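Shown below is the structure under consideration.
Labels run A, B and C following the written order; every chain starts at residue 1.
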């Protein structure tokens, strides 16, 4: 029983990590119709932000909280730059965008290697986040995973509020649903695109900060985590946050439960099979936007 | 147009047929068909090959090995070279890709005609280049601890084989009264073979193995595995994870409330460089099994550490594979000088008993296995990021890649 | 997906469509002849044994590129998982060669070392026979592509969804192979082959023979691709790429059209993988995963995705640049590779093949 509960907790927290990574990806996917392969490198940028910050602020502890907004801004700015320089020229060619962003991700990885060195760097986690909450002797909930869970929840709520209740959110939704109609209605689609990219990429930066609590901080950290997030976005469908939320937690729990009874490799393969089967049932993902512009 | 194509197709078929009929020897028909590439030793200099991943995922580790090989080559050149000839290092990038390793090995041997090649890190890269060296009868010096069960006539192994690292690690755990062990490793040949040996050892020594888990290389999600380790209540963990996975594993380990005091982890792939990237916050007091640490006492090591830091920076630590790579160049020099020739057959024949005062202590080549005698050392990670020795085997351990001298290991290979 | 159909990137404007249909294959015919001369007459004389065996490796990548050119360039199917089929073909061949080396009734060396198996696994056994193994190198990838393709295309999974799915397949297969070390060799893959159908692979003469087989196969694949492109099917494939809905309204089933291209491309990658094994001497999971799969695509994009010879030239050029550059500047190669993706795909989507046309159009004042 304890085992099942602690495994469920692990599954949910894997889901939270996936969700944090996939949220921004899903936002930009909805907007440009293709997946930003450089999203993983924006995550990396967020993680390196913590590293750089800790070089300046030696007090460790709180630097992580300070890093959150800074990482958001750094990764967001990189996203805007990418959108402005490349992606806006390619809105009519979604598949080409995918390849171009892959090229960008290669360049960013190598740049990180040249700037910070090829080996992983270390950051210090605040002491409060390396401990855990003890429920029973066998069941402990680690603080870093609880923190990430809270962060993911916060990100979902904040994003929902922005999309639902602000004028910016209405504009973003309009552009996602029908770019041409939005444009003729007087919405400055170019500006909206850049803002969407800022938010989406900024969320990747936040995910990067969270990942410093869990894994290595190095040039290839983005590629290690991004494939699963792609699957979340594809299976979640575009234009709906709740699709990503449901799929992320479902995948996380599925992965951790299969992994517990078999091995990591088997779990990975089975999750892939599950996604293919799922897309048979829902080829455009869990939720689809029904508008005239959808093929 | 169609007739044109017809003719062309015909020509093509003929060409293929010609190529097929003009065939060379069948397998086993003509053993001397490849006489092997001959090193070019005619000039004032002799070329040596450095084959390491300078790009890709393995670059992190392999660049440091390349650096220490270069250091040894420079030192040797400064003191007069080998048999009066200066060494000219030719460095090639294996790019963390095994077919590329094979390709570059062939280039070093056939195009550059080097006298010996130093390098490779992963077992997979070694397995990929092994046929190339055997086919061309050229020499490779392999500097990394590995899973044993190999004895190529054209490879010298200067890292530890299993009975110089894993078996001493287990002996140490046993002496500390740790009777139940959980095995965690990356999913590739070294951890799987190591764990096979550990299981055989455990069966014969009254240890119980409570579980065995493998994570794909590069995997960074260890929630489930750590849950399993914790639930097993093992008295120790034997860790054969590699690279990035170690970082994620130890972060998870600590936040699950597991510590070196309650459940120590013995790692065989974490050296000084890795400690730096994981952080002592997570690693303090955990155990490692190697043959060399930066803190190993002795004049030879002081000189090596000083020279390395002077050349590459004061913040750069030295580690076991780097030391083994450094030593391999000196061992080759000693073998060539003993043979009085760069010729591969003569160098090989001269190898048995060649010794060198290495930073890790005296090492001696065992000509029969082409491995070297090495002292096993268990170390503990300190708060300063360095590893200090807590136990050693007293004298160099004779290499035994097939574990023939251990009764419990019969049937393993 | 938005409704914006991917622009037919290198098909000429409608006015010159007739020329596109009639003249282009002729030019490609001349190109093919030139390629044949280069591969069979010039290269074997001009290159050392070592460089010739490198060329054989590049040509294997070029064979994959021919298939990608067909599926992606002509059919609009961005497949980021060709490594899967390359790997299946390669493993099929490697398993046969391992068994042939071991001799009748024996098990391959690595299994005895790492596997601790009592008997050959059942799924290895058929590969002992060359009559099974050789066809399997091509048919096995085609079968897998058929199964996956008929599932996803029928449900109209396309565009980025298909690309991501094909990529995840590559990741899943690589992880699976690594996990089965005792029977697949794990990360080491299969290596250390002695002979190729009885011929000693150490012998330079036999290495040349392998080169000629690779070059001949590449030409054969080019002829097949050319026939397909010229046929009614080829036109239908381009039509599906440019407007799937219209093709559906005309009474065709676009799913089947795509399926054929995907399956043929898989077969080509399978053959390439099979020949890669004797040419290079190794097959391993790293050749299957995400990175090599997407690297296959870059060569095609550089050369010109929708042309017949463009992908071949691009694949060879990129592989050659990698070998040469990484010898001198390992870091620079990664930057260059990234830049190639960005610059070629974003600003020269027709690839090198379109440079000539662009220049000509500029001269005629049509640009």
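Just so it is clear, a residue touches a chain if its C-beta (ideal position, glycine included) is under 8 Å from a C-beta of that chain, and two chains touch if they have at least 3 such contacts.
Computed from a predicted structure; not experimentally measured.
Arrangement of the chains shown, judged by which pairs touch: all-to-all, with no pair of chains left without contact. Each of A-C and A-B has its own count of C-beta contacts, and the greater count is at A-C.
Chain A and chain C, compared by their mean Cα positions, are separated by 32 Å.
Here the spacing of chain A and chain B, counted between their Cα centres, is 37 Å. Touching of two or more other chains is recorded for residues 59, 187, 214, 216 of chain B.
Listed for chain C are residues 175, 178-179, 331, 334, each touching two or more other chains. Shown for chain A are the residues in touch with two or more other chains, namely 113, 263, 265, 268. Chain C makes touch with chain B in their complex at residues 26, 29, 32-33, 36, 40, 48-50, 53-54, 57, 113-114, 116, 175, 178-179, 181, 186-189, 191-195, 198-200, 202-206, 208-209, 212-213, 216, 219-220, 223, 280-282, 284, 286-287, 323, 326-327, 330-331, 333-334. Contact residues on chain A toward chain B in their complex (touch as defined above): 2-3, 6-7, 10, 13-14, 17, 113, 118-125, 129-132, 134, 138, 140, 142-145, 213-218, 220-221, 224-225, 256, 259-260, 263-265, 268. Residues 57, 59-60, 63, 187, 213-216, 218-221, 223-225, 227-228, 230-231, 244, 247-248, 251-252, 254-257, 273, 276-279, 281-282 of chain B touch chain A in their complex. Across the interface of their complex, chain A is touched by residues 1-4, 6-7, 9, 76, 78, 148, 151-152, 155-157, 159-161, 163-165, 167-169, 171-172, 175-176, 178-179, 244-245, 290, 294, 297-298, 301, 331, 334-335, 337-342, 345-346, 349 of chain C.
Remark: chain A residues 29, 33-35, 86, 89-96, 98-100, 102-107, 109-110, 113-114, 179, 223, 227, 230-231, 234, 263, 265-266, 268-269, 272-273, 275-276, 279-280, 283-285, 293-295 touch chain C in the complex.
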